[in-house]
Every structure is written in structure tokens, then in C-alpha cells.
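In this document, chain identifiers A, B, C and D correspond to the written order of the chains, with residue numbering beginning at 1 in each.
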Amino acid sequence: MSDQSPTPAESSYSYLGPAGTFTEAALKQVPDAAGKTWHAVNNVAEALADVVSGRSTAAMIAMENSVDGGVSATQDALANVPGLRIIGEYLVPVNFVLVARPGTTLADVRTVNAHPVAYAQCGTWLNETLPGHGHIPASSNVAAAAALLNDSHADAAIAPPGITEHYPLEVLAEDIGDNGNAVTRFVLVSRSRAIPAPTGADKTSLIVELPDDVSGSLLGMLEQFSTRGVNLSLIQSRPIGDSLGRYRFIIDADGHIADERMADALLGLRRFSPNVIFLGSYPRADKQTIEFTSRYDDAIFIEARQWLRGLLDPNHTAG
Amino acid sequence: MSDQSPTPAESSYSYLGPAGTFTEAALKQVPDAAGKTWHAVNNVAEALADVVSGRSTAAMIAMENSVDGGVSATQDALANVPGLRIIGEYLVPVNFVLVARPGTTLADVRTVNAHPVAYAQCGTWLNETLPGHGHIPASSNVAAAAALLNDSHADAAIAPPGITEHYPLEVLAEDIGDNGNAVTRFVLVSRSRAIPAPTGADKTSLIVELPDDVSGSLLGMLEQFSTRGVNLSLIQSRPIGDSLGRYRFIIDADGHIADERMADALLGLRRFSPNVIFLGSYPRADKQTIEFTSRYDDAIFIEARQWLRGLLDPNHTAG
Amino acid sequence: MSDQSPTPAESSYSYLGPAGTFTEAALKQVPDAAGKTWHAVNNVAEALADVVSGRSTAAMIAMENSVDGGVSATQDALANVPGLRIIGEYLVPVNFVLVARPGTTLADVRTVNAHPVAYAQCGTWLNETLPGHGHIPASSNVAAAAALLNDSHADAAIAPPGITEHYPLEVLAEDIGDNGNAVTRFVLVSRSRAIPAPTGADKTSLIVELPDDVSGSLLGMLEQFSTRGVNLSLIQSRPIGDSLGRYRFIIDADGHIADERMADALLGLRRFSPNVIFLGSYPRADKQTIEFTSRYDDAIFIEARQWLRGLLDPNHTAG
Amino acid sequence: MSDQSPTPAESSYSYLGPAGTFTEAALKQVPDAAGKTWHAVNNVAEALADVVSGRSTAAMIAMENSVDGGVSATQDALANVPGLRIIGEYLVPVNFVLVARPGTTLADVRTVNAHPVAYAQCGTWLNETLPGHGHIPASSNVAAAAALLNDSHADAAIAPPGITEHYPLEVLAEDIGDNGNAVTRFVLVSRSRAIPAPTGADKTSLIVELPDDVSGSLLGMLEQFSTRGVNLSLIQSRPIGDSLGRYRFIIDADGHIADERMADALLGLRRFSPNVIFLGSYPRADKQTIEFTSRYDDAIFIEARQWLRGLLDPNHTAG
């Protein structure tokens, strides 16, 4: 099988399972994934390993949550696993329900099973409604719910809203998250090196290391974008891991590598940074058209190159 | 009891317990804490609540790990709980051992109980040595070990090296972390508004929100430091939480608020940012003297103020 | 006589004479100068020497011409003569006439007497109207005209429009300058250290040397203004004179030293530069109110200082 | 005759005459000019007109003096006359002598004939040695001396040291300039579009207009150089001439257009500025090799372009 052209018949997708997770909800947004084989996996590393090995054509992984921030496991995996490309972005609203075995009431709940992140996001509601409850951590939101039907010591679980389609549980309370507008951003990752065509509403994801000291070189790195009129929607630091104080930066920049200003910023970054990873250019989930001043139009870049070429050519006539 | 002067007799300290955690190891580094009351708590929120309520004089909390990065819970708590100040910094090397009930051998291990962060940090060793093992998440490294002696379904647990001083467990493997040099940085947090005296090897911790768009205003924020010769040892973004794309920045800057260049940078930041939280100036754990060019000496700042005052005073004689 | 308070009876003014020059036109714009003693001098150095010696209270000197640029002699004198302050700014439209002894016609003109700057500003008209004419340089525009009545070899002279009020000459052509909108900016210079009160439409004039290499430190110098929201209306380089490649910069910045943002920029400049000369804050001739974003309001600066003071005071209660 | 290839036989050179000027001294430094036709002209405009019309292959013109700064007439002419290129740079030490008709002594001197710039550069000596003298302006240093032999009202003239080779005059005093190290920088200007080959010790001369407000856009312009590691040895402002406050900048940048970092800076400038005039890349007169950090090596630029090309090519295999 060629790297670039998996035949459609072979297409398959990995995602953090089981059925009912927010990740599955993200994958449902992908038209090409409909009717294909879906592999439920246990974590980001497994999902990406499926892509690298060719078991799956692509994997849906959580990138960032509006409340919790960047998903460290995803960011670190993208920095360390070579050859991956982001080909799409998807947003899923994050709501939680409290579920229990049929017959349980809120008053019965002493112990709650929940993934630590979900548990943290429901802290206000839990502390007000169930003061003194205990917490048993689970490996996923769906696993927490499923465990109630096995030998769980918990009385209730925090789970996604659609959980009752998959398990015979009862909803004790809805919309228990602290932030009703919470949303998680997922990305679809593949090995394909074909870059989705520019749409005018694109983003480019990068991982960039800095040459030496953090503050001066962070300034220098940001100038690579600002001097080309490229705005950033995300910049996060992650430790490189070898010692305290060494960071790489996870960056989402407005625009597409096919845009002249972005291509020029990438050249500047590559020269500036000891390590730049291009994770891909792809359509933004929010479909917002990128705005930039006309100073950074493609035509301006092209004209400047022609001007320079004319200067270097002694037989050129224009001034 | 006054806010600023808890009598020494009342001093007490909260930390993530139980005994044996890395946090306890950090607290053991604090000379003033020796012989005082120590409260083991379950999480960062509880530790800070103890400080806010006055139950504890100070709390030791994990700030950053060289492998995992900033501790989100700590960063978010410091941003949201007002009136807290960092008064000291402590580094603890992070090593892990695999422990089990006496009589268990490595070959017997099917399921491992571990805090998710510790589990992630031992991934390489676990995948090589125990392929196919299962993971049960625990709320702390020590809790994982302690659970082995109760009704845990796990066969082994990942724990700190000193765990066998507290529990009758056997060490199956030592130094199983992926990174032998991993270190966690802890900070001691109090309500005291007295700032530790400058030592020449200090850092200043801040939380700063940006005025509007991320890239341009991040540049503007960094310039507040660079134009005063202040270097940063840490800059991390955390979502403010109200919507995707809005961030605050957790910053450690080299120097002390009593340094003229730092005080001036703080003035610049306060004017620039819609929200600056001063978390404290305190001695660096690594005791490295801050180096800066003589252009940013205190004397330069003082002379400039005198010059300006002279300009504004018509009776002043100097040029 | 005290340095700061020349009694009004003693007030006198020096200007580049003789009567009829553009400089005299500028001095006529100064209400306080009406009815006082006016000293016509031969050049900028003499005018400033009058001020330094106390012979004159103030001197009117040309600073910049919209066509020719900065007046080097003025800029260098202000850099080298200590203790001078600009206390006012005046604009004079620059028009030229061609004058001759009565009876002369345009067709008779073979040689033109003119100050080199005026000659240059009338080049287009002269080359078209009097091809093949010769040029005799004069020390001032008025001197060129006056010489026609003595033993000048010239047939005509370039002079200011009002010249015929002073000399029995005839105008051969009017408005012969290449640029009909040309204007010269004059400044009134004194030894007084009392700074004119802010009007909201002020400028601050400075001379600033750079620490070392031109490009990097010029950037650093400009940032002292830009990070405080201070715009520049003039920046010109002048050689320091000791070797090629060493420059000082003549700067006009929008605003008054009594404005917080300007005072802070001055502090930054003083720390940054090996030599800053404050030439004064004074009302702009064009009376245009300075616009700046509210981020740089005085109140913002004052509030930031109070915040910092609160941080440094352990008995302070606010957060 | 073709624009690009004047045959050597036709080569001729224009310079500010007459024989004996510093400009002639500069032209003597040009090996190719030896034995060719030299045209002595009266001013910069005539010299450049000779080049434009094809009467001369090249013209030697004064660009900058270490004491007086940039030569405005040259800078404005280069901005306004299209199609000119600087092809060489030459330095001439500037010394002055005071000359008189034979028999005159210093004690006899009442009036001095001198070009205004030379007069200004000898001010200290003149004021000390000849207090109360008068000044008659001359159109050139040599003309001042020559006039003594005609009907000049002057008793002495300021002239270049070699003047007595050309005129029967006596030297009353030598080395009378205020600054013994004064030097004037000349450039050789032609219409040839062939750029001298890079030598490693080159400079590139430019004239750049700014997009809008002076301070912010001057910063933006300087960043085009600083982000490519290009240092500036000269930056001077000149009024564009249409109104006060609008400037163009005369720039000498270290390096050659054939250097990748310079070519990229030129691209950035062209995109940034409403008008960039490339005046040429040519060997520096001081032959100092340009130093820059290895980050800006040609190889770094070339590698970055290859990397970008690889990203854009889906069939490319490297990461």
C-alpha cells in the first residue's frame, strides 16, 4: 500500500473508544469516515500507532479543551512521532450527565466514578450537590459509566449525554459541567502528505523549538509571524523533557502553507529554529475566513520576487 | 489572627499526602516546617483552601514537572484563588519503583495501579517489561501502593522510592521512569504579604492575561520584559476557560520585585495587561545568581529618575 | 539677573537678519516679542551665543524645511551648546520672488545672487526661465537682495516676498519656488528651565545618541517610544562628527514631558542611551491635539504605580 | 550605444571640478578611470545629468562627510533620478589650508572666501585666529581659491591642500579643520545594471519610503533588516518634500544583494514599503569583511527553501 493513496476500500479510523465518547462524536463529523471501519482504542498513543503502522488511515484525537487547555499527551505524541499530518479539525461541545444503575437516586450517591478531567470539570456542581462524596478515577468517561454495570464500588458516574443509548443506565442530573460552553477541539491525523486544498479559512499547525534563552528567542520566533502578518490562534509551551526550562511551542497559525505569507513565515521559522515540525494546513472547524491586511496579499509577495529577480538580471530594463 | 503575622506557634503546613509522596519530600526541605503540624490533603484545591481559611500557614504544591510540564490544577488554582503568594521553591528528583504485595514476582503482574501522570512517565519500561498489562488509575502515587494492601484488583503499583518505609510492600523494580533526570518543582504558598528579601538569585512568578489577539499582544507582553533586560525561565499558556482561544500566561521571570528592572517591568505589564497577578518574588531553588547586563543596574534606573526630576524642576541647575 | 526670571523689561530676541527674512516673519508670530528689542544676527551660532551670554532672552532659529529637511547648523548647535531649551514652534510659508534693480527686465538677467538653499528651491523655475544663468551664492536671502544695491555683479536676486518693503527693488517674478507648499519650521530657544504648560497639543524635542551599532540600537531606541504609545513626528540622524558611522538622532515626539507616557519614555531613553538631551516640551505650531490610545492615559500609569506600591507594602490589604 | 555595455573606449567620468577638489582626489582612486576623459562639472545635478544622457560613463559624487553628515543634494538626486546605480565607494581625508595671494600675511586677513561647508568645518580655528573676520561664500573650495586671483573682495580662501599645484597662491596655515580625522565618502555612479561581484566586504545602498506614521513604520522597516541579521552602517532621513513630516530614508546595509540574507531583506522591504530604490551593491571602501552570525548563512536560507519545497510536494519522502 502506497503511503499517499490508501484505496478507499481500505480506509479505517482509530478513535478513543468505546462508542459514546466525545471522540466518537468528533469522528461522526467526518463525511469520509461514514461506513468505514472504526477502531476504538484506549489512548492517544494507540491511536497514533495505528496510523503509523498503517492499521488505520487516520485517527481522531483530542487536541485542546476550552476549559482544561491543550491535551499534553496529544501534543507530546505529535512532537515525538514523525511523519504525522493533521488533515482536519472538529469541535465537540462538552456536556456531562450523572448516571447511575436504575433505581439509584441522587440521595444514594456516596462515590462517583469519573475520568479525572471530567471530574475536574464538574467540580462546582459535585461539591454543591454531593458534599462529602468520594471519587474513583476511571480511564475514560464511558468506561466510568460501563463499570457501574460490573463490579464498580461507585454509585454513579460522570458520562457524556449519549451514554444511555449504549448502556441501560439512568440519568440523575444533566448538564453538570461547570462551564456550559465548554468545547473540545479534535484533529484528524494521518500519514498522508497531501495537504488539503486552501479554503480561505484554514489553519496551519506547527511545533517549534527555540534556539536558546526563552524570552528573547520567543520574541524572535513570534516576529517571524508578525512581520508577515500571520496571526496565531494558539501558542502553548510543552517541556522538551530533558531538563527544566527547555520548551517547545505548539502553534496554530491563521492561514495555509499555500498562502505566500505563511510560506514565508515557515521559511523564517525554519531558519530561526533548531527544529520545526509542520503538522499540516487544513480547514478550520469554525469556517471563519482569515482576515489580513492587503499588505500581505499573495500578489505583494509575487511582485517583490519579480522585482528582486529584475535587480539581479543586468539585462532587465525596468527600474 | 492577623493576616500578616501568624505566631510561630500556630504554624502548620498542608501538602498532598499521604506520607511518602514527592510533595512530602519537598516539604521536608523547608527548615521552618520542621517540627510543625503537617496536614496531608488530597489535592491542590484542598491545600490552597487550608491556606485561605487559615487552617495552614502555608501549603506545598507541585508547580511543574520536567517531563509533564506545568501542573494545570496548580496553575489554574493560583489564577483563581485570590490573595495567595509563593514564598519558596523546591526541587525533588522524580524516581519511581514498582511495588507489590510480598511474594509477588514480576511475572505475576497483570494489572498496575498508578496515578495517570506517574503511569505516563513509566510508559517505556512498562511496555517493554509488562506488555499487555492493564492500568487502574489511582488518585496519588502513595494511594496506588496503599491500595495493594486493601481490596485492590491490581497486582502492583507505581510509587515513590521511599514507599517501603511506610508500607509492607516489596520492590519489584527500581528507577522505572522513562527519564532518569526527571525533577518536579514545588512551591510553598501562603497568604503572607511579606516578600522574602532579595538574594540575587530570585525569581518572580506572575499570571498575565493579554489584551486582545494572541500573537501581537504576546509580543507586546514579552517586550515589557525584554526592554528591561528581564529574562524568563518559564512561560506557559493556560486557557482562561470561557472560550477557545483565550489564554492567560504563567510566567517565571529572573529577578526580584525589589530589583528596579523587575519593578519597572511590572509597571509596564500592569499598564499593558487587563489582569496581572503577582504571585511573589522568592529565592530560586537552584540558587543560580541572576545575570544581566549593567545597563539594567538599579543605579541606572535611579539616576534616570533623578534626571527626569531635574528636568521637571525649573530651579534645578544641572543640564 | 537670575537664570530663570529675566524681568520683562530686559526681554530681547535674536534672529537671523536683516529685517525681511523668514526668520523675522517667525519672530513676528511671538506675542511676547512685540515691542521688545530685536537683535538681527548673521547665523544660528550667533543667535544661540546671544542666548547663552544673556544678551538675548531668546533666539528664533530655523529648524527644518519641508523641502530641504533639517537645518544641520541648528541641529548641531543644539547638540553642542548646553543649557538651551525650545519654548515655542512657528511655521512660515516659504515663497520666493526674483527681484532686481529698477529698470531691469527678465531678459536682462544673466547672473542671480541667492542663498544656496533658496537657489536650490527655485531650480526648476530658474532652469526653465533663465537657462544658462550664473549663480553667486549669498549668506542670506535678504543679503542677496541688498547686495544688488551695492556693487553686486548679479543682475537679480532671490528673496522673500516682503523684501520690497525694505529695499527699493522691483519684483521680476513671484512664487518661483519649486514647491508652492514649502514651509519652514522655526523654534524659539531660551535658557529658561521653566517648561511651557501642557496644552494637549504639544511636542517634545530630544537629541539622542545610540549605545553601539546603528541598526539594533536604533530599534531599541524606537521601542522606548512605541512601548509607551508615543509617536514621533521627526527623526533625523546627524553625524556625531568623530568618525563615519556614528550618529545622534534629532527627535520630535508627540506629547509633553508632563504626560506620564512621555515621562516614562524619557526614563527609558535615559537608561538606554549614553546621552539624551532634553530640548523642551512646547505647544505645536499646528495646534493638532495629540491622539493616543486610552491604554497610555495618565490614569493608567498612576494606577500601575499604586498597584506596585501596594505589592511592596506588606500591610497593604488589596490583592 | 547600448545601456549596459558602453565600450571601454568611450569611458568618461564626470566630477565636481575644477582640478584640485576632493572629488577629483576620489576619482584618482578609480583604476579604470586612469587615462580616460574626465569632465569637470559644477554640481551633483550636472554630474548625474552627464550619466543619464550618456555623456559620461560614470560620475563621482560626494555622499557623506564625517562632520557634516549626508550630502542632501546627492541624496535627493539619487532619490529623484531613476536608473542610477552606485558601483564603487571611495574615502578621501578632508584637510583644509588657508591660502592667499603672495605677499599676504595672516595679520592682513579681514575677509575669507570659502564654500559654506568648508567654512563651517574650520569655524574653531577661524574664530580663534581671525576674530572679527568676514565670510564670502563660494560655490566650491577650489573656486574660492581661484577667485583670489581675479577680482575677489576676499583676502584669503579656504581650500584643499593640493591647491597650490594648480594656482600661484601661498599657504598661510595648514590643517585648519576642526576635526583632523574628517573624511568624505564619495560614490561612483553609473547607469550600468551589472552589479559588481560580491567580495565579502560589500555594502548595499537603498532609499526607502515608509508606509504611514514615522515611528511605528520605521520600527517595522528596521525589523526587515534585523530579522535577517543585516546590520546598517547608515540611516538618514530626508524629507520627501511634499509636506512636513514625510520622510524617505537613505540606508547603507552591510552585505551584497547576492547574499541570501540581503536578498530576503530586500524582498521584505519591497513588500513593506511603498517605494524602495535599490542603489547598488558594491565593495566597501574600508574593505572590512562583513561579520554576521552563522544563523544567516546562505546555506541556512537554501536549506529552508528545500524544506518548504519538500513540504509542498506530496511525493517527497523526508519529514
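A few comments on the model shown:
We adopt the following convention: a residue touches a chain if its C-beta (ideal position, glycine included) is under 8 Å from a C-beta of that chain, and two chains touch if they have at least 3 such contacts.
What you see is a predicted model; the values in this text were computed from it and never measured.
When the partners of chain B are compared with those of chain C, no chain appears in both lists.
Separating the centre of chain A from that of chain B, both taken as means of CA atoms, is a distance of 26 Å. One finds 57 Å separating the Cα centroids of chain A and chain D.
Annotation: 59 Å between the Cα-based centres of chain A and chain C. Counting partner chains per residue, chain A shows two or more touched chains at residues 223.
By the document's touch criterion, interfaces exist between A-B, A-D, B-C, C-D.
Every residue of chain B that touches chain A in the complex is listed here, in rising order: 45, 64-69, 72-73, 91, 116, 120, 123, 135, 137-139, 179, 181, 183, 185, 213-216, 218-219, 222-223, 225-226, 230-239, 241-245, 247.
Remark: chain B residues 3-4, 82-83, 192-195, 211, 220, 223-224, 227, 257-258, 263, 266-268, 270-272, 278, 295-296, 300-301, 303-305, 307-308, 311-316, 319 touch chain C in the complex.
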